[in-house]
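Should a chain be cited, it is by its letter among A, B, C and D, assigned in written order, with residues numbered from 1 in that chain.
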Amino acid sequence: MNVNNYINGKFVTSKASDFFDVHDPSTGEVIAKTPLSTSSELDNAVHAAKTAFKVWKSTPAVDRVQPLYRLKHLLERDSDKISEILVKEHGKTFAEAKGDLLRGIQMCEVACGIPTLQMGKFSNNVARGIDSYSMRRPMGVFAGINPFNFPAMVPFWFWPFAVATGNTFVMKPSERVPLTQEYIFQLIDECGFPPGVINLVNGGKEVVEGIVNHPDIVGVSFVGSTEVAKIVYDKARGNRKRVQALGGAKNFLVMTENASVEKSVRAMVDSCYGCAGERCLAGSVLVGVGNSHEALKNEVIKNAKEVIVGNGMESNTSMGPVISQSALERINSDIEIALKEGAEIVYDGRKSVPQNGGFYLGPVVLDNVKPGTLMATKEIFGPVIGLMKVDHLSQAVELINSSDYANTCSIFSNDGMEAQQFIDSVHPSMVGVNLGVPAPMAFFSFGGSKESFFGDVKVHGQSSIEFFTEEHTVMQRWFNLDEKQDLNPHWSKD
Amino acid sequence: MNVNNYINGKFVTSKASDFFDVHDPSTGEVIAKTPLSTSSELDNAVHAAKTAFKVWKSTPAVDRVQPLYRLKHLLERDSDKISEILVKEHGKTFAEAKGDLLRGIQMCEVACGIPTLQMGKFSNNVARGIDSYSMRRPMGVFAGINPFNFPAMVPFWFWPFAVATGNTFVMKPSERVPLTQEYIFQLIDECGFPPGVINLVNGGKEVVEGIVNHPDIVGVSFVGSTEVAKIVYDKARGNRKRVQALGGAKNFLVMTENASVEKSVRAMVDSCYGCAGERCLAGSVLVGVGNSHEALKNEVIKNAKEVIVGNGMESNTSMGPVISQSALERINSDIEIALKEGAEIVYDGRKSVPQNGGFYLGPVVLDNVKPGTLMATKEIFGPVIGLMKVDHLSQAVELINSSDYANTCSIFSNDGMEAQQFIDSVHPSMVGVNLGVPAPMAFFSFGGSKESFFGDVKVHGQSSIEFFTEEHTVMQRWFNLDEKQDLNPHWSKD
Amino acid sequence: MNVNNYINGKFVTSKASDFFDVHDPSTGEVIAKTPLSTSSELDNAVHAAKTAFKVWKSTPAVDRVQPLYRLKHLLERDSDKISEILVKEHGKTFAEAKGDLLRGIQMCEVACGIPTLQMGKFSNNVARGIDSYSMRRPMGVFAGINPFNFPAMVPFWFWPFAVATGNTFVMKPSERVPLTQEYIFQLIDECGFPPGVINLVNGGKEVVEGIVNHPDIVGVSFVGSTEVAKIVYDKARGNRKRVQALGGAKNFLVMTENASVEKSVRAMVDSCYGCAGERCLAGSVLVGVGNSHEALKNEVIKNAKEVIVGNGMESNTSMGPVISQSALERINSDIEIALKEGAEIVYDGRKSVPQNGGFYLGPVVLDNVKPGTLMATKEIFGPVIGLMKVDHLSQAVELINSSDYANTCSIFSNDGMEAQQFIDSVHPSMVGVNLGVPAPMAFFSFGGSKESFFGDVKVHGQSSIEFFTEEHTVMQRWFNLDEKQDLNPHWSKD
Amino acid sequence: MNVNNYINGKFVTSKASDFFDVHDPSTGEVIAKTPLSTSSELDNAVHAAKTAFKVWKSTPAVDRVQPLYRLKHLLERDSDKISEILVKEHGKTFAEAKGDLLRGIQMCEVACGIPTLQMGKFSNNVARGIDSYSMRRPMGVFAGINPFNFPAMVPFWFWPFAVATGNTFVMKPSERVPLTQEYIFQLIDECGFPPGVINLVNGGKEVVEGIVNHPDIVGVSFVGSTEVAKIVYDKARGNRKRVQALGGAKNFLVMTENASVEKSVRAMVDSCYGCAGERCLAGSVLVGVGNSHEALKNEVIKNAKEVIVGNGMESNTSMGPVISQSALERINSDIEIALKEGAEIVYDGRKSVPQNGGFYLGPVVLDNVKPGTLMATKEIFGPVIGLMKVDHLSQAVELINSSDYANTCSIFSNDGMEAQQFIDSVHPSMVGVNLGVPAPMAFFSFGGSKESFFGDVKVHGQSSIEFFTEEHTVMQRWFNLDEKQDLNPHWSKD
């Protein structure tokens, strides 16, 4: 029942003395225990990775990606099984779990393209007889620290790109959802990486601190709360590592009078309640511009009423539980504060949920959310929709730009000018047009701005190559040992 | 025993009245019959492809590549089986057959990267309020006409890129080696393409003529002799199709006094005798610069003596038969002419071959080959090495550049200056340094110059995207229906 | 008064016996004579270019672009002077002439970026110890054959890219407008190209035929009528040269009910009457979808009435004359046919033009244009607007796609869905959204489809590098002369 | 005599109370005074830049680069004048000063290509009906802190790329060499940037601290000593700015037995003594492998004897003074330590220098330099060559990789294998083959590793675009307001 680590090509039992209880959020039962591995276990993993790097970095790119092709095949083969485990430990619906995994597989697909993506440049004769070229070289051992909300996908944002470019990797899943990755590592174990190239270390704070301080780790990718993201970023940067740290969000979805109401609201509500609102791209505040607010409110309530809360494995469930009892309590408390700050509850689905000890929270809709209040500024990370009204699109933009976060936002409108101006004006660097969750495809790059993202280089897609490699440049000429043999005498003039 | 076509997602028996005998070159026995399909059968295939194009072109790129991932998996699973068939119909050794297939699989791998490779460009605000972007769109039905020498690989140079970019395809294998592709199409049939996306039409001249003249085929990829390449190029171009037509070659490998003799000669002899010399990148004339000639000759003879000619399935065979009795006779006749023109036979392995009716030709080494003679100018396409001596590297370059062909050439030398000047001076556009067969990897582009290549855009790698798509450019601005709503008033000034 | 050629770095007087009269279209007077140079004069230019190529191709890219920087500076310095000459020989307004030149300068700017744009790719260790890289090499002498309608811009579409990539060039301007280029070549003469790199040969049919048949010219860029484009394409292709041949067009601008009428129609009318309609991207037929037709018609007539026809140098002139008396007659005759075929003339500005012998044609608006008639299918190349009405956007798309031409088309609408579907559905490969003349910027590529463009590779931008160079690929490894010195022993295993 | 600042488009006199004396190093005379501007003056500049950013960021890229084209022209026009000023304040030779400026101009050239380089990506139909595209947006106010050794070039590494991509900039030259930039800013003032886009603030530590702490500065580029680079990097990173900080170096040039001795040594000595050794790419230790050491030593001494030390404006001078009296003393002291640590002085040119108060240091050659000693580990930044001998190339690599620095190194050899293995094995990320100063061209990227470079993204070339912009990604679809109008009904299925 204790989750294993995977170090140097072998599953190993942690020697941890402390464990974290993994719950099935749909029942509240403890289903496994995550070892809070010690820093010496992390050391073992880093050591294995550092050793493996010596040969892996000189392995041709076409060979480095072969295990990823195999992994894609195995993940697809076991997709239902993995998704079931994911539902069990996380609570989201089976369809959402399948999507979570699919997104992860798509990362492997893009990383398979490394032989092309990692190419450098070549220029002959940049000056008389001198050729110059560049290479993007791997750097060493990278590490990834992952959140609970996408147990399958998020780890794949990093390690496939890191190892495909020739680095080796140490991965720490969220201690709340270690089982999905434990299963996936059984497939990784089959797919042909040399020992040490990719390692799994379960744990908590001690492992995180170990990673940001470890002298043999050259870079860290982190996804979690802004609070921890800042700490990880500052400490790892202080140690002169590369870092990309993704934090929280407060995402506004804006509907103008030129929108297609039904389709727009369906997309918006899916964004807010999908994965029980536990997504960093989840809609949180829906803003109606001008006269559209009324229609927005009515349609949102109508959609909210149709939400069926329950066990994610049941086929008619449209929303699962939140991750934990404490999350449940935090969200309920946030709702209380919101009401005190003047918001009005226009739909409350909290009573129509299973009463079996699961961490269920029914969908909630709050109207009259005011700028500056908790509901307008804080990340809720639960199935709570806030509604706001503004007179003019420019006010919606101001609202968005006044946030400390800048992960994503969307406009719902059929008017091209509104969309273009919105895109041009807002701070978030992932923008949607008539889309509730504008997550960039694996071959584009992911990452917000301001307090949603700390780092220079975004995640996945072609940015990954920049993050996980260093550019090397060569300038080269040749002298002639035998003047008589000179085919290009003009080169010798200098 | 008759080979089937594959049209619109189904294997169909050809209604051909004429057939081509497929021989096992290692015994001379007839092992199958290739239908010489009629133009109406080609029509059916083109019609299926044209119909399939309507939906396929609008299928997202990430979906279009999924069957290619599956195909890679299936090809690897059945690699030994396919290679055995390939040996049976072509004669090359099992190891060579595996390599032939592997190269094909690598094409699928690169084509899987189409979601990245096919990306267009986007520039916002190219002028006040105007965004501009480009797309590379598929064009319709493409066709591929393939040679006998790489039954597995060559077809993969084209169709995976064509269909991954959204086109549909009609493929004609060489009538001499249809069985490898017949088997591969059984895997294609499993891997999930919609009917009509990829079609197989066996045949001969009538199918070739049908392809170059068919009004619904927008482009043709051809590999074969220069003679036919010219006809295909000129006719298809005359019909304003896109064409890339790869013809013959005469490849010179040059060794200087600065070479590592043993390793160099091993690579050179492998180049000349590998696949019984039936490769468009096969070395044909080995040129010794200055004093290196003597060592070159001795080492070549030594290596030639070690060649074991036999059935490709036998584990100690290092060279199989040539493709046909007529090829055998043609090569023997070429040797006769060479001798008459002054060449001297310094090793003749023609007697030490199996006498079982197979098309075996033992390795031959000719010295004193003179410029302008058959052996110095004509493609032999068999296991015959010509040796030449020049005083100076510049003479080797002149020799190379005097050829009508310009597919590949190599220099063997450890001197950087010699290599750089050689690369800079020679006409062939695929150049090797200390490599006997410098075939570019799948993620680079393949294709020679002069009479070895007719077309503007090379084969596989990123060039494929250019060949199989057309660039579309959009310029876009939006007018404001409501001046009060203008977020970026400076855009309206124009 | 006879225009000079510029060959091998010197202005030379043509030995032509035949001359073409250059008229000032705003008065009808003959202002110069274009020599119809002989094929031996072309030979001289090609010879100079071929000779210059030997050194120019090995000149570093950073040096090759320096003359283009200087030329940009000189063109800007003399912009007014050049534009005045351009108005004199072509007739367009001074503002249009400045724009014509500006577009040409922008081509020089992009060509200055060749050191980056021409870079090849480099991959180290593609297989054990093997590095591979690509170069885009210049090919030799290219030629450009230019039309009368953009005396300054069109020649710059080609030669700056050709010479910046290391080729040399022979340029033939339109015999109708040789003076702009004669002046520009005085600046080229100052800007530092070695003799022979860029040459000017004035002439007519004989020079064109000389170019397409010349054995030392490796590629041809042509802009003119579709009729001649086909001939040039077919002949030059038959000679296995690279060709890009741009022909005529029939451009439809579509306005839906979701458009901003005033701004849209202003842009549409500018498109149709700008440069007196003598642009390959000029709007020709304006299509009103559903109820928008009536507003479209009224607004078009209103705009047409405001057009002031006159000498292009006069500041209040908004439209100049057409190029020649014969063009004038051809267009008038086309209008007659249109009327016979059922079109209705709703505005006729032909009487309000200067009566001084200039080739003036007042703006004309025809309504009730029917599919299949001359006005709906033929390129008019004059200031004539045809109006059509369709019920549904899909009918507008059908209309566009039924044309033999596919250069450009635009939609005027604020609805994002209409725009997206239009872009996705139409054949022309240059599409505008709320833009009358969606000419791609110099850093994107230009070129239509179907009978508007013959060739594989589009014009200017990054496509230019593909057109004017050939890809060369090197694969390189090194043998070790001294085993003891081996730093990477694993490379030696193969 | 006091140097001016340039803020918001105007030259302004600093209100500084403290000044730094600028010396002519060839005489020791004070020639100007650099104001140590106050943080409120920095504030003014940042404020101007921040204000200018609002409009500049929305200025089309083609317009943003026009002033850079003009600046290139003006810099070339005044090249001699600027170089003379540069010699006066810095001491290097006139030819070196011209080269310093030329490198700066080449940065402007590459930055002129921003319309192409800054392009984002576009993919249509990434999922049913969804288009996705990316933009690289400017971020705000950047700052540059520059060293004394390249008064013209280094500032151009940063600001042209920053402003061309749409940011605004505050530039601080070295207080020791402010005059070159003061002159250049007179040209910048002419070339057409809007006020505030590029600003000049002279000063010292207070300005540096102001920059790294200023809340309105989003990123900092620094070049200087490793000691300060670390402080700047850590502080600016702590403030979550982007940083690229280039520090010191210790560069090894290695000659093997396969080198062309005369040419190699000439290049090596130029590398060591050029700019009086005050280059971050200057050779410092010359390593002879095996038997090559003796020839290396003799040839180095021969070359050192030919060095003529003197005023940089005199035509026969081949080496100027060092930057200051304290630098002179530091270097002499380093030589003393080296001798104490066992090095042997084999050539001492220190007596043959002008005795006029200038900071002249004659060339010095030290043999028998031992690993671990000052001469083998510390950056000297003066005309002192250390010689070392190793038995094997692998020992040279170990030596290089044992350094804390990793800026550049070179191998001198004609053997391709030695070069390839050297490149593959060494830590420095700028490597030369037979080149003494392998500074990447402006269109490649510059920057070392380890303690020579702190940051994720290298300098100039395409890396610049990454450093000075943030990637934004849009996902876009449209709903249909009117089902009857749907042209692509399959898009609506989702």
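Rule of thumb we're sticking to: a contact is a pair of C-beta atoms (placed from the backbone, for glycine too) under 8 Å apart; a residue touches a chain by one contact, two chains touch by 3 or more.
Everything quoted here is computed from the prediction, not taken from an experiment.
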{"item": "Pair with more cross-chain C-beta pairs in contact, given A-C and B-C", "value": "B-C"}
{"item": "Farthest chain (mean CA position) relative to chain A", "value": "C"}
{"item": "Intercentroid distance (Cα basis), chain C paired with chain B, Å", "value": "36"}
{"item": "Interchain centroid distance [CA atoms averaged], chain A/chain B, Å", "value": "42"}
{"item": "Rounded Å distance, chain A centre to chain C centre (Cα mean)", "value": "47"}
{"item": "Per-residue multi-chain contacts in chain A, two or more chains", "value": "58, 62, 115, 119, 121, 123-127, 134, 414-417, 419, 424, 433-434, 441, 443, 476, 478-481, 488"}
{"item": "Interfacial residue positions of chain C with respect to chain B in the complex", "value": "58, 121, 123, 126-127, 130, 132, 134, 137, 233-234, 237-238, 240, 242, 259-260, 263-264, 414, 419, 423-424, 429-435, 438-441, 443-447, 449, 454, 456-458, 463, 466-467, 470-481"}
{"item": "Interface residues, chain D side, partner chain C - complex", "value": "62, 65, 69, 72-73, 106, 109-110, 112-113, 115-117, 119, 124-125, 129, 131, 392-394, 397, 415-422, 424-425, 441-443, 461-462, 476, 478-481, 484-488"}
{"item": "Footprint of chain B on chain D - complex, ascending", "value": "55, 58, 60-62, 115, 118-128, 133-135, 413-417, 419, 433-434, 488, 490"}
